[in-house]
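Pasting the structures in now, so scroll down.
Look for chain A in each of the two complexes below; its partner is chain B in the first and chain C in the second.
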Partner chain A sequence: MRSTNTAHERFTAAYFDNEDDLVASAAEARLRGLEIYDAFTPFPVHGLDDAVGIKPSRLTWVAFCGGLLGLLTAIGLQVWTSAYAWALNIGGKPFNSVPLWVPVAFELTVLFAGLSAIGALFIISGLHPFSKRKSLEGVNDGNFVLVLKQPDGSYDSDRARSIFNENGAFRIEEGLEF
Partner chain B sequence: MAVPMDRRGLTREEARLHEEVGRLTEHPVYSPLRKPLVGGDKSYSDITNDIHSIHEGKAGFGWWIAFTISLILLLAGIVSGYLTVTIGIGTWGLNKTVGWAFDITNFVFWIGIGHAGTFISAILYLFNQKWRTSINRSAEAMTLFAVMCAGIFPIIHMGRPWLFYWFLPYPNTRGSLWVNFRSPLLWDFFAISTYFTISLVFWYLGLLPDLATARDRAKPGWRKTFYTVLCLGWDGSNRTWSRYETVYGILAALATPLVLSVHSIVSFDFATSLIPGWHSTIFPPYFVAGAVFSGFAMVMTLMILVRKVMRLENYITIDHFEKMCLVTLLTGSIVGLAYITELFIGFYGGNPNEIFMIINRLLGPYAWAYWIMFGCNALLPQLFWIKKIRRSIPLIFVMSIFINIGMWFERFVIIMVSLHRDYLPSSWTYYMPSYVEVGLLVGSFGLFFSAFLVFLRLFPIIAASEVKGVLNYAKHKHGA
Partner chain C sequence: MNGFLKQNEKNILYAMAAIGVAGIVGGFLLSPRFWQSFLHNSYFFMTIALGGAVFVAVNHVANAGWHTTFRRVPEAMTTYIWVGAITILAIYLGKETLYEWTYTSYSHHGHELTFKNTYLDSAFFLIRMLVILACWCGLTFLLRRESFKQDATGDIVHTSRSKTWSALFLVVFGITFTFASFDWIMSIEPMFFSTIYGFYHIAGVLLSGTAAITLLTILLKRRGYLEGVGDKQMHALGKLVLGFATFWAYIWVCQYLLIYYANIPEETIHYVKRTSPNGWWQVFILALFLNWIVPFLMLLRKKVKMYENWMLAACGIVLIGHWVDIYIQIFPTFYPTPMIGFVDIALLLGFSALFIFVFTKGLSADALVPRNDPYLSEAEWQGH
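Presenting the complex of A and B:
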C-alpha cells in the first residue's frame, strides 16, 4: 500500500469475485457521495477508471518529451561529431549529410521515449525493488477489492454496507489501516 | 409529504443514480457471437493455478533432457568462440573474395526470429487482437533470446570482441575520434540495442502483475525474495493499472515502428552497398516480411512443444495456431513475391552484372541453396490455404521447421551468391564454413534453447493477468 497515508486514517475494503460487481459498486458508491480510495484488481478492468473517477494518465506527455529529447540528442550528437568536432571526408559525402542522420535519430527518439515513459511510471506509482508493499488478499489471483476512505465524522457505514451487499460483496472489512 | 416513487419503488434521485450506474457499468465487448479464447470453463483462480504451477513445480524429466542437450550445444559454441578469439578469424572459412558469410547470415537469421515476438506483443496489441494474450509472453522472451544470439555474431567477428564498446560515441583519447554515423553497421548497433532495450522493458512491464502473483504464492525462500524484488511492490491498484495501460500502449506504439525499422536497417547493410543482388530498394519491406515470417515459424515450433509438454491445450488452442498459420501464409507470400520481383527486375534492369548474378543464383554453384530457399519459403507455406493443414498440429510443426531452414538459407543465398563470384573471375571461389563457424551456429541454438528453458522454469510462461482480462471475451455480461 501507499506509504503517504497518515497512520490514523481508516479504510473500508469490500471484496468481490468478479469485475462487474466491483465496477457497479464503485460507481454507486461514488455517486452516493462516498470517498473512494482505490480499487485493487488482478487485471485492468475496463470502465473502472470512469466508475472510480480517475482521469486519463498524463504519462503520454512524459513520453513525448522524452522522445523529443532523444531526437534532439541524436541530431545534435551526429551533426556536432561529424561536421564540427572531427569532420572526416567519408566517400565524398557532405560533412553534414542530413538524410544519413535519420536512422540513429529515429532509434534514439524511440529509446528515450520508451525509457522515460516506463521510468515515470515506476516513479509515480512508487514501484521499486526494495518496496515492502504487499497486496490485499487474493488481489493478484481472482479477488476484486474496492477500498473506501473513512473520513472522520462523515463516513456512513450503513450506506457503504448496503451498496456492497446489494452488489454481491463476499467480505467487508472496516477500520483497516494501510 | 410522500416522496414520489416510480414503479420499482425508487425515489427520483435513486432512479437517476441507477441509470447513471447502468451507464457507467455498461460493457461493450461481450458478444454471444465470439468464440471463447480460453477453453475448459476456467475461473480466475484456475488460471492462476494452471499457469503458476508450471514454474513452481519440479522440472520434469523431459525438461532436464532438453536442457542437457541445449547445454551441450552451447558448449560447442563456447569452444568455437574460444578458438575464434584466441587464434583469430582465420579459423573461419572466409577468404579474400568472401569476407563475410556465416556470421552475418546467422546474425540476420536471429534478428529476424525476434521480430515475431514484437509483432505479437506490439502490433497485435494495437490492433486489439485478444488472442495474443496466450502467446505474447513466451514470444517476447523468444525475441530477447534471439536478439542476444544475434548480437554475438557481429561482436565475435570484430576479432577483439572486448573492444565492442568502441561502437559507442563517447569522448576518447584517440582524438576524440568519433564513430562514423554514415555507416549502416553503426545504425545496426543503435537499432539492435534500442530494440533489445525496448523489448526488455516491454516484456518486464507485462511481467510485473504476474511476478506479484508468483510472490504471493511462493513459500519463503530464494524464490520468494526473487519475485519480491522483481515485482517492485506491485499491488494491483487501479491507479497503477491505469498508468500501466497507458505506458503499455505507448510502448506498443513505439515498438511497432521500431520493429519495422530494425530489419529495414539490417537490410541497409546490404542495400546501401553497390554489390549486385544487394543494391536494391525492395530490401526493407522484403526483409521485414521475411523476419515476421521466420519469427512466426519459430514461435509455432516452440509453442507446439511447450503446449504439449506443459499441457496448455486450453490456453494455446488450435485457433491460435490457425491464426499464426494465416500470418505465415501472408508473409510467406510477400516473400515469394519479392523473390519473383528480384528475378524480374534483374533482367528488366538490363545491368549485365545483375543479370549474371540472377543466372548465377538460379543455376550457379549455390543453386541448391536457392531452390531450398524458394521451396521452403515461397511454395511450402501455400499449403496453409488448406484449412485442414492449418489445423493439424503435426503438419504445422514440420512446416514451421522447414520454414526456418528456408529462411536461414534465404540469408545465406543473398550473401553468398553475390559475394563468391565478384567482378573479377580470377578471384571467384566457393565458400564452405569451417567447423568453428558451424560450432558457433550450433552454439547460438544452444544459447537460445537453454535461455528459453530457464525462462520456462523461472517465470509464468503465459501472461496470466492478460488471460484473465479476456476470459469473459465471449460471455454475456454478468447477470444480463
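Presenting the complex of A and C:
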C-alpha cells in the first residue's frame, strides 16, 4: 500500500542479495517487535508471507465482485438483446436459451475479474501512470528489499540497522516516504 | 497393508470383499444388469488409479518437488492398474450384453458405414484393449521402479529417467485413454459420437485422481504417517481439486453446448436419454452438482483447503460425483429409469476393498517417504 507521509512514520529499507537473508531478517524484526511495512522481491519467495506476517489479501474480493459484475453484464446483455430488444429465431431454439449464454457469461466473468484485479493492484500499489512513487533499485533483477516502518516519535535507527547488518544487508536506506 | 489398517478395519474390508464376490457370482448368474455394473465399477477404479499415474508424471515433467513427501501415495495407487487391467479384460466376456455392435452391421440410407463396421469389430476391439492396457501397465511399472531405484542408490540419473518415462507416459496416456473411453464407454451407443468425449473423461481422471490422492493422504496423515505433509501441500492439493472440478465443468459444457446447438439426431439422442423425465434428468443434474457446483463452492476460500475434515468431505463428494458421472454414461442406454440394485452396491464395495488392499500393499513395498530424493528438502521445507 502506498503511503504519502505526513511525517508520522519513518521507513528503513534494507537491500539483500538473496531471499534467505530477507526471510531471516523479516522473522527477526518481527521477533524484536518491529513493524514490517513491505517486502519487495524479483520473484515469489516461499514462506515470505508467513515471515512478513502479511494479512490476507483483499484483492480476492475485488476479483470476486468484478467477476460477479461480468457475469451479470453478460447474462443481462444477452437476454435483453436476444429475447427482448431484437428477438431472432436461431435454429429453432427458444429466444431465452440458457445454455447459449454460458460461453459469453464465462468469458466476461473471467475478463472482468482479471481486469478489476489488475486495476486494483496497480492503483493500490501505486503503479498507475503519473504515480510519484519512487522505485527501488534493482528490485526486478537481483535485489531483495525489506522495508520497516517505525512511528516517528519512537524512531530508533540502530535497532533496525543492527538486525539488517547481522543478516548481511549490503545497503540500508532511511527515509520519510516510500 | 501391514500396519496401515487396524485389525477391525481389515475385517470390514474382508466382509466388503466377500459381498463383492457374492455380487459377482450372484450377479453373473442372476442379474441382467451385471455387465453394465461390472464395467461401471472397474472403469471407475481404473480412472482413479490412472489419476495417480498422471499426477506423478506431470510433477516429474514439471521438475516439481512439493509433492515428494506424499509421492508414494499416487505411486501406490498406480499398482492398482495391473489389477484393474484384468477386470477391464473381463469386460470382453460380456461384450454381447454391453455392445450391440458385436452383432449388428451399420448402414445409413442403404450405404454401409464401412469405417464404423471395421472399427467396431470384436477382434480389433480386443487388440486395442490389450495394447492400451499393456502401455499403462508397462509405463507405470517403469516409473515406480525408477522411483524405488533412485531411493535405494540416491543416484540422480534415475530422477532424470523418471522424467523421460513420465513425458512418454503423458503422451501415450492422452492417446490411449481417448481410445479407451471411445471403445469401452462411448461405443455402448454405437451411432453416437462426440470428438471431445475422450477429453471429457480425461478431465474426470484428473479430478477424481487428485481428489483420491488428497483423501488418502489425509487419512494416512491422521494415522500418524506422512508428517512431511503440511498446510502448503494441503493448500496446493485443494487448489488442484478446485481447478480440476472447474475444468471438468468446462469440458462438460463444451460437449453439451455443441450437441445442443447443432441439434443432429444421432448426437442429441445421447442427451435425450440422459435428460428424460422419468428420473434420469435428476441424476444428470446431480452429477453436475457433485462434480462441480458443490466442490467449487466448498473449496473457494483459501483457509478451508487446510481443514482436513472439510477437504475429506469435498473429496468424498467429488468421488461420489465421478461414480455417478460414469453411471450416467452407461446405464441410460439400457434402462429407461435409474435404479441402483444389489449388484451395483455389492460390486462397489468389492472393488473398493480390492482397491484398498492393492493400495496398502503397494504402499508398504518401500519407505513411505523417499529418503534420498533430490527434491525432498524442498518438499520438507514446505511441510512446515
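Operating definition for what follows: the second predicted complex is superposed on the first by the 156 of 178 C-alpha atoms of A that agree within 3 Å, B and C clash if a C-alpha of one lies under 4 Å from a C-alpha of the other, contacts with A are read in each partner's own complex, and residues count from 1 in each chain.
Definition applied: a residue touches a chain if its C-beta (ideal position, glycine included) is under 8 Å from a C-beta of that chain, and two chains touch if they have at least 3 such contacts.
No experiment lies behind these values; they were computed from the predicted model shown.
By the touch criterion defined above, A:G91 reaches both chain B and chain C. Legend: residue contacts after superposition of the two complexes on their common chain; A:P56 is shown touching both chain B and chain C.
In the superposed model, A:H46 makes contact with both chain B and chain C. Of the two partner chains, both chain B and chain C are touched by A:L100.
More chain A residues lie in contact with B than with the other chain of the pair chain B and chain C. In the superposition on chain A, contact is made by A:V23 with chain B only, not with chain C.
When both complexes are overlaid on chain A, the residue A:L34 reaches neither chain B nor chain C. Of the two partner chains, chain B is the only one that A:T81 touches; chain C does not reach it. Applying the stated contact rule after C-alpha superposition, one finds that A:P129 touches chain B and leaves chain C untouched.
Shared interface residues of chain A, touching chain B in one complex and chain C in the other, are 46-47, 56, 60, 91, 93, 100, 103, 106. Contact residues on chain A toward chain B in their complex (touch as defined above): 1-2, 17-18, 20-21, 23-24, 27-28, 31-32, 38-52, 54, 56-57, 59-60, 63, 77-78, 81-82, 85-86, 88, 90-91, 93, 97, 100-101, 103-104, 106-108, 110-111, 113-115, 117-118, 120-122, 124-136, 139-142. Within the complex formed with chain C, the chain A residues making contact are 46-47, 56, 60, 91-93, 99-100, 102-103, 106. By the touch rule above, chain B contacts chain A in their complex via residues 17, 20-21, 24-27, 29, 43-45, 48, 169, 175-182, 184, 186-187, 190-191, 194, 197-198, 201-202, 205, 208-209, 212-213, 216, 229-230, 232-247, 250-251, 254-255, 257-258, 261, 265, 268, 465-466, 468-469, 477-479.
Residues of chain C touching chain A in their complex: 232, 250, 253, 256-257, 260-261, 263, 302, 381-382.
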